[in-house]
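Quick heads-up: structures coming right below.
Next come two complexes built around chain A: one with chain B, the other with chain C.
The block that comes next holds the complex of A and B.
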């Protein structure tokens, strides 16, 4: 690697400057892409709302516990159209819709991130083990992966809910258990390639245990392509989570969740347009933001996959890895 | 090649078997009394006793599994607790309608998406291309359970154009029109019986559901066709044809399309299988009964779009899950086999 001009100085400032410079060179080009910038803005705004929901919501405690609706002239049920007091209107029990939506974004994003983390953890474990050890271990693990890959997540969620009862952990298990196979396939492909690199062979020859080879040499080198897949998958996970909650298979009311709010609004669709409209807008923006981010990262890192990941054709491709 | 087919068939078989094992594990082996799970809310001790006997819950695990799996292969999924009918007959009643919806969505995706994809590939980065890119981006991101509601809002509440839902626009439609049951799918049966007025009404009521359902696959097909067309048009044999002075239109239609479309057609098969999930949402929102969507609602023990669950109908849910999984697996297997026949490049 070529040395930086100021590399021989080791003052902390120079070090920091160098780190920032390198970081800038990696991330900088991304910001030249409109898609990426748009994605960052959308996801950033949503993440801000999610993290600071208790403070940015106009009414506290998920919009509950306020009775301003009694002044609402149009409706007896407590549903008010948007007004200056309630920018997005209220829903049937008189709760402020905007506050509900903000807390809903919080729930949806939190679950989605946890689902992906769970899926990556399982996928890495299975994939790296299969790729590193090969042979019968590989064959057995990959066939199990195939089985899970051909399993529609909604159906698995349905079965889990039927038995365990719906709830937060339920969505987590159902989605995590169906999302890991694609991570496992990618991790396996990485491990297969890395295990024949000289430093791994050398480590093995000098008697390093399999566990520390996997942990110290293979895992750190296998993780970056997984990051691409994570960024591409997040949008789909958000959508799936909201869908399950919509059907009553996920988060339960009164917890605010975008899917739950839309489900509650379905009864009122002919009388209260704002009730269904606003949560859906936020959900769509969240998904588009994640998709833009994922697509642009993937295009830059691996242009061959353009227009492919997330499509059935991509699943086909992954199946062959 | 024979090895490949056998391997795929074996895998499909194991997926179904895996599903059965998972459902068995969840329903029989988790802590708690499985008989109570099957019996539903507030069962009497006699009923628990009867169910324990019937499903052999007091016998060794392997015997239980044997009872479970032989029952499934005989088409016996137990009796629905809520509807008090055999699960198999309920599922068989629901399946044709749902499959028809999924097939129609896949067909629409192909008919609309492929030409648009070709247009987009023809003029890259033009206004049309950019518009279609934004369209497919939105189509892939907008949740179906929301776009369905918004369509109802605009075209039913606002413009009064389309009915709110239900086949033929009313839940009593089939009491007024006598449609013989041939395939079990309303759309096909009405067509076969030659009742074109009723068919028109049914299709009219299906406009909003189908728009909801096919938006996502249309977006996918546009992007895929575009990418595939561009890839093909950059290949050597196309460049040669162009050098010979063959008109562009002829190159596209005669030489490029055949190769470019095969991956798209394959993915239409997978879209059909994937649409089954969307069908569940759409049937729920538009009250299209009978169908898998309303069956799942029933099984969860709730009315349409209500959000409280009392105690779910376990046999019914397991039945729906296993049957849906089988449909899904069979479709995937069929797609693989078609791909094998169409695309000789796959070496196995």
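The block that comes next holds the complex of A and C.
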């Protein structure tokens, strides 16, 4: 067998090259899928806007809601149609709508990421413990999970916000508390399966502590199916948060938020189309982006669920008809 | 310290049930065996005869629905069935280690070999990471893996089945245990690798001075490596003895039938095909027949066999059989 001359050389450069090569092999196939690329572009653009909102907004201060100077004197209410000064028009207090939307995306994404992180943390903790130990621990934890699951997400979040009162952190807690059960169930199913794998049994036979087994064997092997759920749920949380804000139970008005803007626009829907249209577009792009990402990751993880449309299998079927 | 011939493990009258929705499964029914230091004891039996359950019962790694009905397990003077869980953790892995059937799934796919052997060494021998890697290299050399450094730096899926099983054996060896329990260690690898692994095990046994409980369904494997054999049937030990005793003068009808069932190569195609099977099926562990468990399939069964459970009788030096045919 002939080897490449520098195949096993471990100079730093060769190492780096090898790491990138391996990384390319892992991620590469993803980019051959249009769905994944579309998802990455959508989410990437939104993330860029969210992170750099103060720099990409035409009127950053107005986006923050710190100044309320009407820059559109022609209208009494301060609502102007799109113009060169205000590409997306202005909203009810005369603030630049584009800036408000950009900062709104920032709020939405931040909440959605934090909520999902919180949900994953709780869900993994509860689910892995329940699945790994089984028995009474499992029963107790899963019945609590079932109680949370028995309410629709938004209804439960509404109740919690109603108790805590609206605000950034209250929304975070409310949504986090309603989102963890699905992660817990998935994590439990994973743990149930992994705990009977030989390497876990062997670890037990080697006197490894339960905590160590959970951390080193169960958790790392349970993560990948959760990725799909994480990605899809990021989009769902964006929607739920916008819904709460729309109802006036989410983020408080001075903070820019897509749900808040859409709620404010509801009164002007017949006279100012841009007011609801632009935030709606961005919200849609954000949610669809997360869903596309989630779907394409799922296709990778479980090819049996791959979309049928446009596949060679479908073409073959069509030809037969 | 490790004197040859001293008794290391004694299992006496071990009975174990699984509670299942269908009823009580009598998985082990009064199993007894004795293992000396540096001895290689083979446990043979069909699927479902309780071989693996026996292995797991020894280190109390049983599913929740298992109930030990009676018996005791004495390991180096300690009663393993009664020691507290905390103390058992020091015995598992350190003094008794295990090798499983399927090497492919016995290693965590997400960690390099180095991390997995290293962890065992850190846990049981209290060495630091650097020292652990050095020791791991030594043990990989001991199991005759070429290029140990390369193997250490590999993920399990980058190794072949035979290499993985060698890694598993190195891992089992690395804590320098007194006893290795091997649950069908060669059933998942192909024939040539099987021979290599068996040769490796018999060589390592002399160098590293461990005893081994070798669980398998293959009589050939037993005859190749073991000193003594125990034949299990329906959760009971039916015959124990040295390899030469069992293979040259099997006493229990079941052992005789098992030996007759080994497929033999024919000298020419014209020779008639001879595959002897044992008539009937293994008993349902939910409702065992009264008396000797083998009596419904036994060609020599008589009245006594259907009513009375036979006790072990000595039929030769170190050769014992549980059968009514032999009166002591």
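In this text, the second predicted complex is superposed on the first by the 283 of 321 C-alpha atoms of A that agree within 3 Å, B and C clash if a C-alpha of one lies under 4 Å from a C-alpha of the other, contacts with A are read in each partner's own complex, and residues count from 1 in each chain.
Quick note on the criterion: a contact is a pair of C-beta atoms (placed from the backbone, for glycine too) under 8 Å apart; a residue touches a chain by one contact, two chains touch by 3 or more.
As the structure is a computational prediction, the values presented were derived from the model and not from experiment.
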item: When chain B and chain C are modelled together on chain A, clash or fit; value: fit
item: Which of chain B and chain C A:253 touches, first, second, both or neither; value: first
item: Partner chain(s) touched by A:220 [first = chain B, second = chain C, both, neither]; value: second
item: Which superposed partner A:178 touches (first chain B, second chain C, both, neither); value: neither
item: First, second, both or neither for A:208, with chain B first and chain C second; value: second
item: Chain B versus chain C as contact partner of A:190, first or second or both or neither; value: neither
item: Partner touching more residues of chain A, whether chain B or chain C; value: B
item: Chain B versus chain C as contact partner of A:143, first or second or both or neither; value: first
item: Closest Cα approach, chain C to chain B, once both complexes are overlaid on chain A (Å); value: 13
item: Footprint overlap on chain A, where chain B in one structure and chain C in the other make contact; value: none
item: Contact footprint of chain A on chain C as seen in their complex; value: 59, 61, 64, 88-94, 97-98, 100-102, 105-111, 119-120, 123-124, 150, 175
item: Residues on chain A engaged by chain B in the complex (per definition of touch); value: 143-144, 146-148, 150-152, 154-156, 158-166, 235, 239, 242-243, 246-249, 252-253, 259-260, 262-267, 269-270, 273, 276-277, 279-280, 283-284, 287-288, 291-292, 306-308, 310-313, 315-316
item: Residue ranges of chain A in contact with chain C within the complex; value: 8, 134-135, 197-199, 201-202, 204-209, 216-217, 220-221
item: Residues of chain B that touch chain A when the two form their complex; value: 11-12, 14-15, 18-19, 22-23, 26-27, 30, 37, 137-138, 140-147, 149-150, 152-153, 156-157, 164, 220, 223-224, 226-227, 263, 266-267, 270-271, 274, 276-277, 280-281, 284-285, 296, 299-300, 302, 305-309, 312-314, 317-318, 320-321, 324-325, 328-329, 332
